[in-house]
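Letters are used for the chains, namely A, B, C and D, taken in the order the chains are written, and counting of residues starts over at 1 for each.
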Amino acid sequence: MTHKIAILGASGYTGAELVRLIATHPDLEIAALAANSKAGQGMGAVFPHLRHLDLPDLVTIDEIDFSGIDLCFCALPHKTSQEVIASLPRDLKIVDLSADFRLRDPAAYEKWYGNPHAAPELQKEAVYGLTEFYRDEIAGARLVAGTGCNAATGQYILRPLISAGVIDLDEIILDLKCAVSGAGRSLKENLLHAELSEGYHAYALGSTHRHLGEFDQEFSAIAGRPVEIQFTPHLIPANRGILATAYLRGSAQAVHDTLNAAYASEPFIEVLPLGEAPSTRHIRGSNFCHIGVVADRQAGRTTVIAALDNLTKGSSGQALQNANLMLSLNETTGLMLAPVFP
Amino acid sequence: MTHKIAILGASGYTGAELVRLIATHPDLEIAALAANSKAGQGMGAVFPHLRHLDLPDLVTIDEIDFSGIDLCFCALPHKTSQEVIASLPRDLKIVDLSADFRLRDPAAYEKWYGNPHAAPELQKEAVYGLTEFYRDEIAGARLVAGTGCNAATGQYILRPLISAGVIDLDEIILDLKCAVSGAGRSLKENLLHAELSEGYHAYALGSTHRHLGEFDQEFSAIAGRPVEIQFTPHLIPANRGILATAYLRGSAQAVHDTLNAAYASEPFIEVLPLGEAPSTRHIRGSNFCHIGVVADRQAGRTTVIAALDNLTKGSSGQALQNANLMLSLNETTGLMLAPVFP
Amino acid sequence: MTHKIAILGASGYTGAELVRLIATHPDLEIAALAANSKAGQGMGAVFPHLRHLDLPDLVTIDEIDFSGIDLCFCALPHKTSQEVIASLPRDLKIVDLSADFRLRDPAAYEKWYGNPHAAPELQKEAVYGLTEFYRDEIAGARLVAGTGCNAATGQYILRPLISAGVIDLDEIILDLKCAVSGAGRSLKENLLHAELSEGYHAYALGSTHRHLGEFDQEFSAIAGRPVEIQFTPHLIPANRGILATAYLRGSAQAVHDTLNAAYASEPFIEVLPLGEAPSTRHIRGSNFCHIGVVADRQAGRTTVIAALDNLTKGSSGQALQNANLMLSLNETTGLMLAPVFP
Amino acid sequence: MTHKIAILGASGYTGAELVRLIATHPDLEIAALAANSKAGQGMGAVFPHLRHLDLPDLVTIDEIDFSGIDLCFCALPHKTSQEVIASLPRDLKIVDLSADFRLRDPAAYEKWYGNPHAAPELQKEAVYGLTEFYRDEIAGARLVAGTGCNAATGQYILRPLISAGVIDLDEIILDLKCAVSGAGRSLKENLLHAELSEGYHAYALGSTHRHLGEFDQEFSAIAGRPVEIQFTPHLIPANRGILATAYLRGSAQAVHDTLNAAYASEPFIEVLPLGEAPSTRHIRGSNFCHIGVVADRQAGRTTVIAALDNLTKGSSGQALQNANLMLSLNETTGLMLAPVFP
């Protein structure tokens, strides 16, 4: 049976990535594409790489008849998303790719995003969309909140280790190297090719990145006590990829064993042999996450490095994985595309 | 029915690209992977981006039992390929990705490649693998010679125009901008990141590139008279893509009409509206070729620009398209992956 | 003696490049920097790569006392420049980097730029700033119009050849590969790293680029008859550099001899040995232009390739070279910086 | 007075960078260039970006008459350097850019480099070349050992902080993002454009990078007790630049005050205002190092980020700075070139 899909916010990178992935999905049909600023245009005009596909033209959200839609992806800007979703039918299955429903606590939301939440009752309903750890809840959810791409990467490293108690909770440092598509298609000076190519730098300095709200929420819940990590992201001259380097206290062997066990049956998480490290070149365009564990020369110190594609596993691929679960489809359908290398 | 496939030369970029494409092909199974220099290793060790796949380990060519193989891709170096293919069973279906069987005339082969052909009888048997123009012959062929990636790009622009007589045959200039993966994984100074990034340049100067042998052979056959084009490729700091700019004499409208008609029912060739031009960003990782036609300010002069991915449509994607035909499968199976952008 | 310099439009790439070059110039002192949108800020805040320099803060143009200024560089946007220059003291020496005074004919200006010229009397006064060919006029000029960066590159190839009559004037094709800094620091979607990296394409299709106005004006004047070339620029994923490939009719030897003779005593133009071609990696950050000549396999056809840095020799370096002449300084002062490679 | 200079190992990137810098140095003359593998060639043939310079042809080391040489730069491979330097006149001033004389302790050398030192008496004589901290010794030295580029970057952050006792010595983590030219011009697969562009990764895992030998030696000497840091370098798709992110325990204000004081009169070290971070785009091609200090959200944790150009301040620029001191020239001569941006 084919399920009818709508994508709101189809003119951004994550919207386009959803279309790319769904294009070869056997059980989903794109029935509506909305992008208010580009309504009336064909998707092939906005994204010529999709011009071979037979897609509905872009419309405004208001123009969509949601009664025929089985599931709706919201790839809208933060804050807009909560307002739009609050106006959608209450029985419509929704996968939200924005930051709006990631934090369960209204106060935490306001702290990290600077405004009170406009739909606190939906905030309560939303299930956090890190598939591997919320699989059952997602399968039964109506509204799933996609995670931050950086937040996903860090959690793939840290959740099993915190659960298993094999690392020191007060000594977690996460250094991220992030490709530029994570910043979206917005017109900012530091995203220009002339600025970024040959020019890389840290941003969201001093552990002020909003994805820390997710880390704090999730890690503290797992640990049963407050956990605060130190986190610096860096913008790298590449288009796709997040490489996370975690500096941890704990035995490398125990860390590796824990991660190996945690992900042994996961289709998309690959734990490399102890001592090997991943590269972003090996996950590009795919839903895979590679994780490597390395012992430091100093006993008791371990480095864990993870790589994933921010637009796929970090965003639209995760969203599709969750949608598959919500529609009772095989979780991996449409997502087994091999990475594109070189 | 599943067809068993072997890939010889699986440790190069085109071999890896074949595996990437076949990974989600429903009717093909990779039964053997050969790479003499890496025999004994797992494919995931050589190409970690393929580590999630359940693939046979790399072996030497001699170790393969071809009796169980339905079709063999040869992604071997030029000259090696003809020697290996000459030693394979004469009833084995083969798609060769090297340059060895592209030229039908032994003298032309020797002129462009500098050595006499080692298997001239196979050279006669081989069918030129530009699918859109040799579809029927390929479907019935035992041995198909994949085209040069530059040669494919130029022919997509020029073959219909030469056939239709809408351009001046003596005034054809082709300026190519080629991404670096077309040069393969060989260790050469000008392929280093430090040399190529921020440094682009022409090569194969003075119309000396070997793919000219293919242009000469094909265009002269179509025209029924010798046709020699002027052709300069340039190495560009990008990984995938060929952008071909052809400077032609003829009416832009006639050129556009001719290309539109020629490719109207082709699944992978997209002719853009008159006046629009393609970008390599819109075909990356896919089997699509985008073609644009532009009238020059001077009447009677027309620029045609084509973009394709050298590793996919220019090489391994084409090879799979041909294999599908040779195995009586739907030509597009496994090849409808949307381009990866950004 | 130190000459006092003002730079108007100091917050763009060409303004910053002027400061970089003047920073080690022994005879020039930057006395004023204007950028209306950033007035009040320090130059090191706008361009942190210049933070080690002791520079005046950015002001509005109105705040500058031009009585103490010996020469003023205008690195303002097109159209703004003519209005500002019309309001400056009539005895102030000016090097304009905009397009506003490149075309001598008001009708040609209006044709290519779409609006009537606001200062036609200054248009008459302005000297075209291609140093090697207008050296004497520049030395005596009050107002010098910097050339387009693409226009400079093409003219270095073509002017001597047209003068000498060694090429066919009706068969000139110029294919340019342009790095992105030539587009300036403006916020446009196609200048984003995520769009341009791995994505290159033609623009200003059909010989519609404004720099053609300069080609038409200059080449027709040299030839004594109308000359129209065919010209397609392509945007390349690199920061600095223009690589121009000219397809010409004429003897390669005659072309090479002519260029060799024309540039024998030029300090910045290097003609490579016949058969060699330049690369943008070898001129980056410098005022040098490398030119190579190659015979095609077809007799009577010749390819000439030139490389220069659009921000230096194509713009700010040229401007400084002209300023040196206007101030009776050695023409090469401050400009002998070797290219930065890799 | 002009000093005559020889450069041994002139065909690598650091050799070429020395020539670039010396090209505009008023007091140095390049009298000999050696590169055994390219002897007999002109420097402009090996490095076309230097073709405008009037340079001696490349010779073998044996062909150089050192009696007329005032100072010799050795940009030779590790291990070769110690053998060559041992054979040079004992009164020749030498700046060595290799790793051979960085470690004072023969046992430490053997531990990190795997072989016994071939010239232990020279090892004793050599002065460690981190100019800002060994200025007086360098001015009086005959043999100066250039530091590792990563080692220099880390020390600019850490030396003043260890000296001042404002950070916890047992909790120092250094995460480096290194551009590819630091790996030299060697032909390795992971340095190819097709591998590195869009593919970044950690290397020298587990604090095994050889530059740790320098950190251990220097930091332990300053602290008067053993100091071992945790250090992971990452290879980034860029040509020039090192960005070092140090995760430290200590007050951000104290750290900033300490660095500000330490570098207040240094011509090349720029400490940014508290809370700002540097970018590699702002130091490219220059001898400057930018350092930023940021307080973490957790009190008592501080991040310090430094950026420099590995080929200039990290290698050849440092070497020239030291040579200036050894020749009693102004330390900054030839080194005040502004960074090249964009």
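Everything below uses one rule, namely that a contact is a pair of C-beta atoms (placed from the backbone, for glycine too) under 8 Å apart; a residue touches a chain by one contact, two chains touch by 3 or more.
Please read these numbers as outputs of a predicted model, since none were measured by experiment.
In a homomeric contact, the two copies may use the same or different surfaces; for subunit B and subunit C, over half of the interface residue numbers are shared, pointing to the same surface. Contact count check for A-B and A-D (C-beta pairs in contact): higher for A-D. Separation between the centroids of subunit B and subunit D, computed from CA atoms only, is 45 Å. Subunit A and subunit D have Cα centroids separated by 39 Å. Subunit A and subunit B, compared by their mean Cα positions, are separated by 36 Å. Counting only residues that touch two or more partner chains, subunit A has 13, 181, 194-198, 237-240, 278-279, 281-282, 284, 341-342. The part of subunit D that touches subunit A in the complex is made up of residues 173, 175, 177, 179, 194-203, 205-208, 212, 228, 230, 232, 234, 236-241, 243, 245, 247, 275, 277-282, 284, 294-298, 301, 303, 305, 307, 341-342.
Of all the residues in subunit C, the ones that touch subunit A in their complex are 13, 180-181, 183, 185, 187-189, 191-198, 237-239.
In the complex of the two chains, the subunit A residues touching subunit B come out as 13, 16, 19-20, 23-24, 47-53, 181, 197-198, 239-240, 267-268, 270, 278-279, 281-286, 288, 290, 311, 336-342.
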